[in-house]
Amino acid sequence: MNQHTIDVGIVGGTGYTGSELLRLLARHPRARVRLLTSRGEAGKRADVLFPQLRGVCDLIYSQPDPAALAECGAVFFATPHGVAMGLAPALLERGVRVIDLSADFRLRDPAIYRRWYQQEHACPALLADAVYGLPEVHRERLKKARLVGNPGCYPTAVQLGLLPLVEAGAVDNSQLIADCKSGVSGAGRELKLGSMYCEAADTIKSYGVAGHRHLPEIEQELSAVAGGSVRITFVPHLVPIVRGMQATLYARLRDPGLDVQKLYEDRYRAEPFVDVLPAGEVPETRSVRGANICRIAVQRLGGTVVVMSAIDNLVKGAAGQAVQSFNLMHGCDERAGLDAPPLAP
Amino acid sequence: MNQHTIDVGIVGGTGYTGSELLRLLARHPRARVRLLTSRGEAGKRADVLFPQLRGVCDLIYSQPDPAALAECGAVFFATPHGVAMGLAPALLERGVRVIDLSADFRLRDPAIYRRWYQQEHACPALLADAVYGLPEVHRERLKKARLVGNPGCYPTAVQLGLLPLVEAGAVDNSQLIADCKSGVSGAGRELKLGSMYCEAADTIKSYGVAGHRHLPEIEQELSAVAGGSVRITFVPHLVPIVRGMQATLYARLRDPGLDVQKLYEDRYRAEPFVDVLPAGEVPETRSVRGANICRIAVQRLGGTVVVMSAIDNLVKGAAGQAVQSFNLMHGCDERAGLDAPPLAP
Amino acid sequence: MNQHTIDVGIVGGTGYTGSELLRLLARHPRARVRLLTSRGEAGKRADVLFPQLRGVCDLIYSQPDPAALAECGAVFFATPHGVAMGLAPALLERGVRVIDLSADFRLRDPAIYRRWYQQEHACPALLADAVYGLPEVHRERLKKARLVGNPGCYPTAVQLGLLPLVEAGAVDNSQLIADCKSGVSGAGRELKLGSMYCEAADTIKSYGVAGHRHLPEIEQELSAVAGGSVRITFVPHLVPIVRGMQATLYARLRDPGLDVQKLYEDRYRAEPFVDVLPAGEVPETRSVRGANICRIAVQRLGGTVVVMSAIDNLVKGAAGQAVQSFNLMHGCDERAGLDAPPLAP
Amino acid sequence: MNQHTIDVGIVGGTGYTGSELLRLLARHPRARVRLLTSRGEAGKRADVLFPQLRGVCDLIYSQPDPAALAECGAVFFATPHGVAMGLAPALLERGVRVIDLSADFRLRDPAIYRRWYQQEHACPALLADAVYGLPEVHRERLKKARLVGNPGCYPTAVQLGLLPLVEAGAVDNSQLIADCKSGVSGAGRELKLGSMYCEAADTIKSYGVAGHRHLPEIEQELSAVAGGSVRITFVPHLVPIVRGMQATLYARLRDPGLDVQKLYEDRYRAEPFVDVLPAGEVPETRSVRGANICRIAVQRLGGTVVVMSAIDNLVKGAAGQAVQSFNLMHGCDERAGLDAPPLAP
């Protein structure tokens, strides 16, 4: 294993995924964050925006400067959609590895990107090289990747929950249901009425029922696994928690006698960050709070299989998974920086 | 309309449904709570247990005394399962109307009661006379009822959400899915580890996946409506809200072209407490907080119909619905005592 | 008592105090809201912004039109500071009664207004006529008032908590301490980072320690009561609740033997909306949720008296108190529209 | 520095402080938890009670066995009051170091212990040897300690907040005020009505106003520092957060011109776990969530000084501080096991 320190840049580190990258990388044995950029907060210390980082990180936001970023070994983009695809090509040319937490490099088809993100893709030629950063599917490709499109939070919970069934061809792929519940941090740190305390507290609300941007990404990846079309009814709900996401998944079994518990245990036995619960138990999101873990329970009810898949949307659903890909790309221990136990209660 | 005052007794008024009955009946134009009983709290004022009732209710808990209860015109049971069936027969003989908020008079088949509640039913002969207290289905029978089994909270949200589809024979009744999310007050006021603040806050957890007591009640009622077997995959989840419940329902349409919005609007147009939202909107539970309302949205996604049904589990899912039945039984305006607007935020 | 209906206008009804006025006035026996204005939302239905009002209020926001407002008997201003003082003079001239929930008519000294609100007062001549809308102090003046400056939420909790002591000259007025805890709705419905769910949940934070706009209002009123200078150390804290406020007040007793419990019970015996708790009990904010009540407990610890004063900041701290003043101004029962019991849990 | 591994026992590891010890020690470079005892849960795996520990800790609860505990180098007691004093003497005789998180070894005067804990102290002779585990005061004694009484959560926040003032003789020690706000985890994991979600959510409540067990401990320690009597008016409040505590402290300055900011910065400059915020800033509890940090802000308002002191009650207020003492007792780096950044949002 290569043991030198890797200089890291973070573009757009003023949101929750950015601050989470700072938290995780602060204890990473080989990564050192050298550059932290923000157009809006340039000149401010990160620990003024995020007082929890006092004593942990003394970086100051700078204006994003391609030349300075090109000095890094790896650059994370924790930016809104549309930013990474503007800067990535130049960085890649300079040999910088790029891990994009936005949607810019998740979808292979630029037409689908345009439809869901209302903009033309800036570098469609790179889409073929980009590796979708779900290590449980693409681990070997990630080890050699130069450009990673880090999955969204819903796609992570849903795909890890459905993978064993879809890989095994065990269910009717035309009528999968994903009833998802997300904490409010999934909506980011931007000001939005629906993210206000008095709007989101003490209530449950579904949203995006008619169509959510994370759906094409899920269908693209699961269809590739299935070798055919996979169709999902995807209904996200907002619940009053800060971090945490559960996907409750329903599928019709082709063979109602299938031992689904064994299927899942076998599939994920070697995975460092997927935990299949013993039969009869159910996950709760707080049991993964702050940790890069997906806990999964599976239950058969007649001909229907119910899968419960829980993650911390900011960690396994965003920054932690990005660090996991970073580790694979740089030959680090896959667990580096990701070994702090979850925080509960 | 008969305008005399009705003396009311509440047996077991120390839980959340009991205190909710006190809140609602305090402003009821014709009901007057005369008797409030509790084995454990006899001698204490209700407003010591429930300080929000200071100035609203000055009743003192007394030991449950059948003779005193028999002086009432109507008695509500807000007790654990098993209590009402012991006391109801004597009260009914004395001409008292009985509204039971427990499960004792919901199931028609005593064998099913025994299986789910682990006790023999004490008065199976009464089950045929008991009316299931869902006014949207049994309004005319409720007007003449002497004994009402008030529905559970999940059954209310699920049935009101599925009724139009099942009545119309519009969906495949063998593969209905009910993904339900409930606030913690649904678990009652008894001490349970899972209901502790530090266990229930900031987390999502499914429970009862392998089987929940509310399922047989739902299947009994919907099967009666369908005139045939209805099978539901029912997965309840606990989310950190105090009051509120949403059932997200998934069904396969027989005719994918069905105008589901119109179906729901037509079905519920005359209902005082069911609100079908305009197409494209979704309910949130806080919009019914404290009120006897079920708000429903419906959306077609390919061949699947998604229904979102939201109630306050303590009101339309318990005490409010019981008052609604009380109103029907006594010839009161169905809205009596139930006209305070929801409280949000 | 005069029994005709009073036409009411609400200027700026898109915030939490505005929606709360709509909720309370919907059940008021004599008030009828005819006009609801908003520059930003004109043309929209109020129940689209506030779905809890579906079936309760079918008003549509209109542009604020002085001529139309002048047709009302009374106009409430639920606007940011600076709006009411622009419109009030013309309305008062037309004989309209004005109740301002902003700070425009709370402070008697325009210089103090300028210092804290960074703008010149538009109609200083009216300040002498404006009555400070705390009925527990100014009831008789409110009955004849044309213009009312409705107190802020902190000032209500603090003044009601300290009044008996200050009126009696029982404490050292130079070193009063008010440690206040407020729910997030006190910050209003405007987008602010600190009011976001993920910023305000699961944390405690003091703010405005160096100076808060509500302080001069408190000192003005208590000094008037004391007949001399009253100085308060006022430290507000934000806690993760939606509604609710507690002021914990500390004062040094002149006579450590004073029967403070009796002092409070005597002072507030006749008040319909102040509830002095029995000795040894403490209030909790949820026991006043949704209701126009201030619950107060008082305890002597050595030479220090501790007072705990709890209100719902949107009701007794804003819209409810405004309706109480409205009732006094119009010869209604002081409880009209304010009789719904608190909602707990 | 001594580098061998230290075998650790935890008595009573089924509460929140016990699980927190497991979380912190799991990443400790020198401690290895060998023994975990519980009378009630013996035979169960710890990660069944605390699923967040799956993959982190595979220990099984055993019956507390003095002989087995005596094999450990150090034993933590995370038990209710009264347990440690029964077992500690035998362990100390066998050379085991004891760190008690209960109140058994905090108070020097057994009469005071009896008065507040309603039981006779079992080994009063040990009280003189016990070191009060607040490293910021007793660091040198802790390095040689065999028996440590770990401070309570309120005492930690209050003492760290007041120490600089009391040490400097800067304030009137007869009229200190501590208005404290605590999360619900401070009440432990035992079933109590007041700790239920529906009782503690969305409300603020003071408690223990007439006297709280943590008060004598605070007064004992601060009086020792002051060299004379210190009297505190101590009012705790429960707020709906899981972890976190803020003490807002009020004192009368002897010299109103004192530079309090400098006083605090000088006092705590070398402390690894006390963070004095820049002038004008205020702490929030989430900025220390999960971390062994006390953040303090100080502000002068006329002759009154206001101190805001924030900790995570389960870490710096309990398990983390116990590990800090463990580190000092065993010659470890004081930060060992305590270096994970706080978790926010």
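Letters A, B, C and D name the chains as they come in the text, with residue numbers starting at 1 for each one.
Methods note: a contact is a pair of C-beta atoms (placed from the backbone, for glycine too) under 8 Å apart; a residue touches a chain by one contact, two chains touch by 3 or more.
Please read these numbers as outputs of a predicted model, since none were measured by experiment.
Trainee: Can you check which chain pair, A-C or A-D, has more C-beta pairs in contact?
Mentor: So, comparing the two chain pairs, more contacts are at A-D.
Trainee: Return the distance between the CA-based centres of chain C and chain D, expressed in whole Å.
Mentor: For chain C versus chain D, the centre distance works out to 40 Å.
Trainee: Need the CA-centroid distance for the pair chain A / chain C, whole Å please.
Mentor: About 46 Å, centre to centre.
Trainee: How many angstrom lie between the centres of chain A and chain D, each centre taken as the mean Cα position?
Mentor: Taking the mean C-alpha position of each chain, the two centres sit 37 Å apart.
Trainee: Of all residues in chain B, which are in touch with two or more distinct other chains?
Mentor: In chain B, residues 16, 185, 198-199, 201-202, 240, 242-243, 283-284, 286-287, 289, 344-345 touch at least two other chains, as defined above.
Trainee: Graph shape for the chains shown, where an edge means the two chains touch. Line, ring, star, complete, or other?
Mentor: Shape of the chain contacts: complete, all pairs touching.
Trainee: Report the residues of chain C in contact with chain A in the complex, numbered from low to high.
Mentor: So the residues of chain C in touch with chain A come to 16, 184-185, 189, 191-193, 195-202, 240, 242.
Trainee: Can you list the chain D residues touching chain C in their complex?
Mentor: 175, 177, 179, 181, 198-199, 201-207, 209-210, 231, 233, 235, 237, 239-246, 248, 250, 252, 280, 282-287, 289, 297, 299, 301-304, 306, 308, 310, 344-345
Trainee: Write out the stretch or stretches of chain C touching chain B in their complex.
Mentor: 16, 19, 23, 26-27, 50-56, 185, 201-202, 242-243, 275, 277, 281, 283-284, 286-291, 293, 295, 339-345
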